[in-house]
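Worksheet: the structure to be examined is printed underneath.
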Amino acid sequence: MRPSKRAADAMRDVTLERAVARYAEGSCLVTFGNTRVLCTASLEERGPPWLRGSGKGWVTAEYAMLPRATHERTRREVNSGKPSGRTQEIQRLIGRSLRAVTNLPALGERQITVDCDVIQADGGTRTASITGAWVALHDCFAWMRARSIISVDPLKDHVAAVSCGIYKGQPVLDLDYAEDSAAETDANFVVTGKGGIVEVQGTAELEPFTDEQFLELLRLAKGGVAGLVELQRKAIA
Amino acid sequence: MRPSKRAADAMRDVTLERAVARYAEGSCLVTFGNTRVLCTASLEERGPPWLRGSGKGWVTAEYAMLPRATHERTRREVNSGKPSGRTQEIQRLIGRSLRAVTNLPALGERQITVDCDVIQADGGTRTASITGAWVALHDCFAWMRARSIISVDPLKDHVAAVSCGIYKGQPVLDLDYAEDSAAETDANFVVTGKGGIVEVQGTAELEPFTDEQFLELLRLAKGGVAGLVELQRKAIA
Amino acid sequence: MRPSKRAADAMRDVTLERAVARYAEGSCLVTFGNTRVLCTASLEERGPPWLRGSGKGWVTAEYAMLPRATHERTRREVNSGKPSGRTQEIQRLIGRSLRAVTNLPALGERQITVDCDVIQADGGTRTASITGAWVALHDCFAWMRARSIISVDPLKDHVAAVSCGIYKGQPVLDLDYAEDSAAETDANFVVTGKGGIVEVQGTAELEPFTDEQFLELLRLAKGGVAGLVELQRKAIA
Amino acid sequence: MRPSKRAADAMRDVTLERAVARYAEGSCLVTFGNTRVLCTASLEERGPPWLRGSGKGWVTAEYAMLPRATHERTRREVNSGKPSGRTQEIQRLIGRSLRAVTNLPALGERQITVDCDVIQADGGTRTASITGAWVALHDCFAWMRARSIISVDPLKDHVAAVSCGIYKGQPVLDLDYAEDSAAETDANFVVTGKGGIVEVQGTAELEPFTDEQFLELLRLAKGGVAGLVELQRKAIA
Amino acid sequence: MRPSKRAADAMRDVTLERAVARYAEGSCLVTFGNTRVLCTASLEERGPPWLRGSGKGWVTAEYAMLPRATHERTRREVNSGKPSGRTQEIQRLIGRSLRAVTNLPALGERQITVDCDVIQADGGTRTASITGAWVALHDCFAWMRARSIISVDPLKDHVAAVSCGIYKGQPVLDLDYAEDSAAETDANFVVTGKGGIVEVQGTAELEPFTDEQFLELLRLAKGGVAGLVELQRKAIA
Amino acid sequence: MRPSKRAADAMRDVTLERAVARYAEGSCLVTFGNTRVLCTASLEERGPPWLRGSGKGWVTAEYAMLPRATHERTRREVNSGKPSGRTQEIQRLIGRSLRAVTNLPALGERQITVDCDVIQADGGTRTASITGAWVALHDCFAWMRARSIISVDPLKDHVAAVSCGIYKGQPVLDLDYAEDSAAETDANFVVTGKGGIVEVQGTAELEPFTDEQFLELLRLAKGGVAGLVELQRKAIA
């Protein structure tokens, strides 16, 4: 029995609220149960230096947690002088996931930065971030098209993400904090609207896992992402 | 005529929403018009090293802005390795303001950190932070009393803050961003519920100001703070 | 009775010694009693990047204390990797004060950096710095005019500063360290030669202060600054 | 056809040379073709602070590349003030992989740090590091047992790692730099001697990949690791 | 002919002024011509951690230049986040030189920090620093003996330093800035009152030098230091 | 008797192995007994900014130690955010030594960076580095001439280095770690193939040394370097 009483293949309640930031070109407040992440997409007219003259744009992401997003207060990373390894790992993952579904030449030599700031953290902050960031990015592109900055939508597909894990021996979908901190295995899957895999990260926390267990996690994840993509579709309708 | 059509002595709409952060001992989402700040109060059982053995506690504050709180995206301070001078100035001001109304021995050798994270910035973020931080601190103390961690309420009085300025030659209350960026003089006042002044900061941005102008700003500010304290009273009722 | 036996409205002995640094374009060693600050003005032919093409110049300031300026040795800030919040607050204040009396377009696209290095600290280092920095800046402009780098004196007025405070219940002028560390309220005033206020900073250290107390501090400060401006006039005569 | 003419399921030549560092408790120079990594295991009698009193030890890893390990010289990370996100990601991966096969209570409250310094880089530096680090760790534990510091071997199993990828549409084993920089998909697998999966990381560089492709990569990886474990067995025999 | 018209073996005018810092336990303003360095010695009752329990004390030094000590303004090192390599090299040299003539057990488990702050720089700042630092250290020990903190003078001998160089082919004593920036070879010598060598640093800036040239520099230096030690004797008399 | 049984004027076994790094333009693995340093020379087509337009090139060096090069593991400098003072001192010394024998205009506006990474440290790492770096630099220049990037060999002479010291009262050549940590005096000499002195650094660790002792160290060093230059000649033959 999961702490939240959910079935093994049940996601938490997920909401995607658009246009929550007055000044951003696109924004989305995403919730996965008690996890809440504010995603904003910011257009910068200048791309990164290494793409100068290439005709291609760039999509990047930054990730942070408010100090009291967590059960115990977490020290601000600015006070240790640099983003932690975990933060860098997550923001690189979000950026790669968004670029996997973006037509970078269609964006022109511009950069979109998607900021994912975790307001409240109850597990799954990176997967919620990717799922919400896609909506913010979509709306940023819509904003640009409405102003004729670009003529073609650079988005090639949806992308969303979910975590799975083995909790008390059973593969389960969408770990919350209580499950995540006790899971034997923890895995994150980033998948497109068409079902292509963009990123897989699986880690055995206690015992190595078998091929069969991993396949079951993959199966759960693909079901979960299908539901998330459906919610994204409704949100932008 | 002010850009917002407000009268010279009119504040923006102010709201104080409590208990917005699931895990914090006290929290408040404060809005001054389009300015929105999330304030959380976190109890730490260990006070700062320099108070060890003194029997006294400490209240401190940290302040930050989300990157896209502003009209243009602002670079995260973690990426430059340290809080900016402006950030440090503001968080020291919030901390001093809260300590001015706190009975530190009644708190015992503990520390409360109030985090003020600006979700959206339209002028007056430091004064909104102080006003909302007081509510979060109040609720943190209530939480501690409910659990018999302390027996006496360490709060001696309310404290709230407001900015005033001289805009197109006229003293006005509660500058928004449009006024703030064009004001000749900008001043912040931190005042207690009983009307005592805790902090005054006035800066001539263009031309030096006269004693008379400064007194008029002080008069406006005290009216504004009286209204804010009334809102705090209603919020905690 | 003040520890120094001074009357409530009496400044310490103040001296302003010019041309104390062989290589600087302007320099002044200022003393307020035992507080001694070396101020040097350095001309740089290139203004800051954000003024490029504007035809305007910039005046900025940096502030530091020698490690043994103080009663106990203070750790060098270079060893903690960055200027402290206090240092940044002070150097921004000095810069703003000097710019308030400088005609920036008359300076052309150049930058003057005024360094204020505290050789000995007995209270009032920031107000002494502003008072001495004005002399160094004046001499730098004279040096530039003598070489026809500029044709008009960019200085519009004098500027000087003094601290006041409430010590044992009584408003007093020009706090030394013994008073400063025990004062209930501490305020700094930056005022021009014509009596216009450039900056006001008042902080209640123990108890909030009243409007009347604050007005008395302002009155004391304006008397003190008038005397400082008179000394500046004599120094540059 | 692979640039190296290898068959799709062929590893590069792999060597594991022990006792290459005179002062380390355990060491191994591992080569995967032209990739060369020096792994040293250092015993520290004090464990990390968060395990004090737990009776458990810790195994951690650090990773770095010599500046001219690479085709073009790479700037030293010490000169940018911190390990890059990539470095942190890799050293956390190595540490997790080693801990997955270590009985931490059997180690006692001690810490082993395994340093993986890349002497030459031709792709697969993280997987070579894990494979060689296991040998260095094994020898460190043997050193400790020979001195009766511990009585039981804390190693529960072998662990080794290999990368796979989709190169020109074909799944291949053990990417070298020429393949890695052109691969559509890149995945790293960390597997134990018994065939349990410790870590899976797969990233689509160009196009999302299918479940089938991923399973084929997993199959290749398990074959590759089986060979690496066999080489580890011979090396320590 | 030297730019300063001095004979090859002539030092600049040297002065040693004691008790120039009101709060320091010992202090000396040393001038070598236009080079001026303020040296203060600060007693700390706690020695460095690595000497805890050894019964021995420590003498260390820190060195810095005011930004406008130099012909052109130099950027403060605090703004680049760390002391430069040159600064660290110099402060380690000063510390070693002082420790060479200090009986560390006689000091007890205490630390003396000698700060050498260059007020004006015209060549030879490190040698002037060592020469003045010895006087500050002497006075700090006298201060401690006067208060019976120590019973024996920990100073075993004088120590002083001077630079020599080959300027236009001729070995000369005590380089000023004009000579230093054009010298073919630059050497610093730290020598005790009894004539023992504590430190020798010679660098060929343009052409390698011969044994004979080096011996001539050493001869000049020993003459120069003898004069400096004589001035130290008079200063403390 | 020396711990290594060597005669006072005997060097350790020295080897110079070329072409040890597959990608570098020049490389050399140098050993002085158990001290092993990997030196690589990297050509960069762009010189440093301060030489732009001068027609001259630059040779610089960087130095680091692997964490377990030493008897006890040493913390990586990247984790403290900056190269230590010792590291900076050594890499500046290596760079100066190489430039002393390089014709910088013949190099053109290019930069060579020689990286010296200590694989194993048993004393004399800086002198071994200089000796091996010369070989790597030589081979880098040969590589450039073979590709007609330069037409003239920029090397003017050999350069090599050795340490000497006073161990148990006796001057000895080429200190290993056991001697170095117990020596009364430690000196490093950098000398050219023609016998010109490029750098001398002598430090009294315990007692000041006499002129005579220093001359004896110089004599030993010149003999040692003559042997090293002979080995360089054979290595490049």
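To keep things simple, chains are lettered A, B, C, D, E and F as they appear, and every chain counts its residues starting from 1.
As a working rule, a contact is a pair of C-beta atoms (placed from the backbone, for glycine too) under 8 Å apart; a residue touches a chain by one contact, two chains touch by 3 or more.
This one's a predicted model, so the numbers in the text were calculated from it and none came from an experiment.
Colleague: For chain C and chain D, what is the smallest step count along a path of chains that touch one another?
Modeller: 3
Colleague: Measuring between Cα centroids, what's the chain most distant from chain D?
Modeller: C
Colleague: Centre to centre, using CA atoms, which chain is the farthest one from chain B?
Modeller: F
Colleague: Need the CA-centroid distance for the pair chain E / chain F, whole Å please.
Modeller: Using C-alpha averages as centres, the distance is 28 Å.
Colleague: In whole angstrom, what separates the CA-based centres of chain B and chain D?
Modeller: 51
Colleague: Between chain C and chain E, tell me the centre distance in angstrom, where each centre is the average of that chain's C-alpha atoms.
Modeller: 33
Colleague: Indicate the residues of chain E shared as contacts by at least two other chains.
Modeller: 81-83
Colleague: Can you list the ring's chains in order, from chain A toward chain D?
Modeller: Loop order (chain A start, chain D next): A, D, F, E, C, B.
Colleague: If we count contacts the way the header does, which residues on chain A are in touch with chain B in the complex?
Modeller: Per the touch definition, chain A meets chain B at residues 21-24, 27, 34, 38, 40, 42, 44, 62, 64, 66-71, 73, 76-79, 81-83, 113, 115, 117, 119-120, 122.
Colleague: Quick one: which bits of chain F touch chain E in the complex? Just the residue numbers, please.
Modeller: 81-83, 85, 88-89, 92, 96, 100, 187, 191-192, 194, 196-204, 207-211, 214-215, 218, 222
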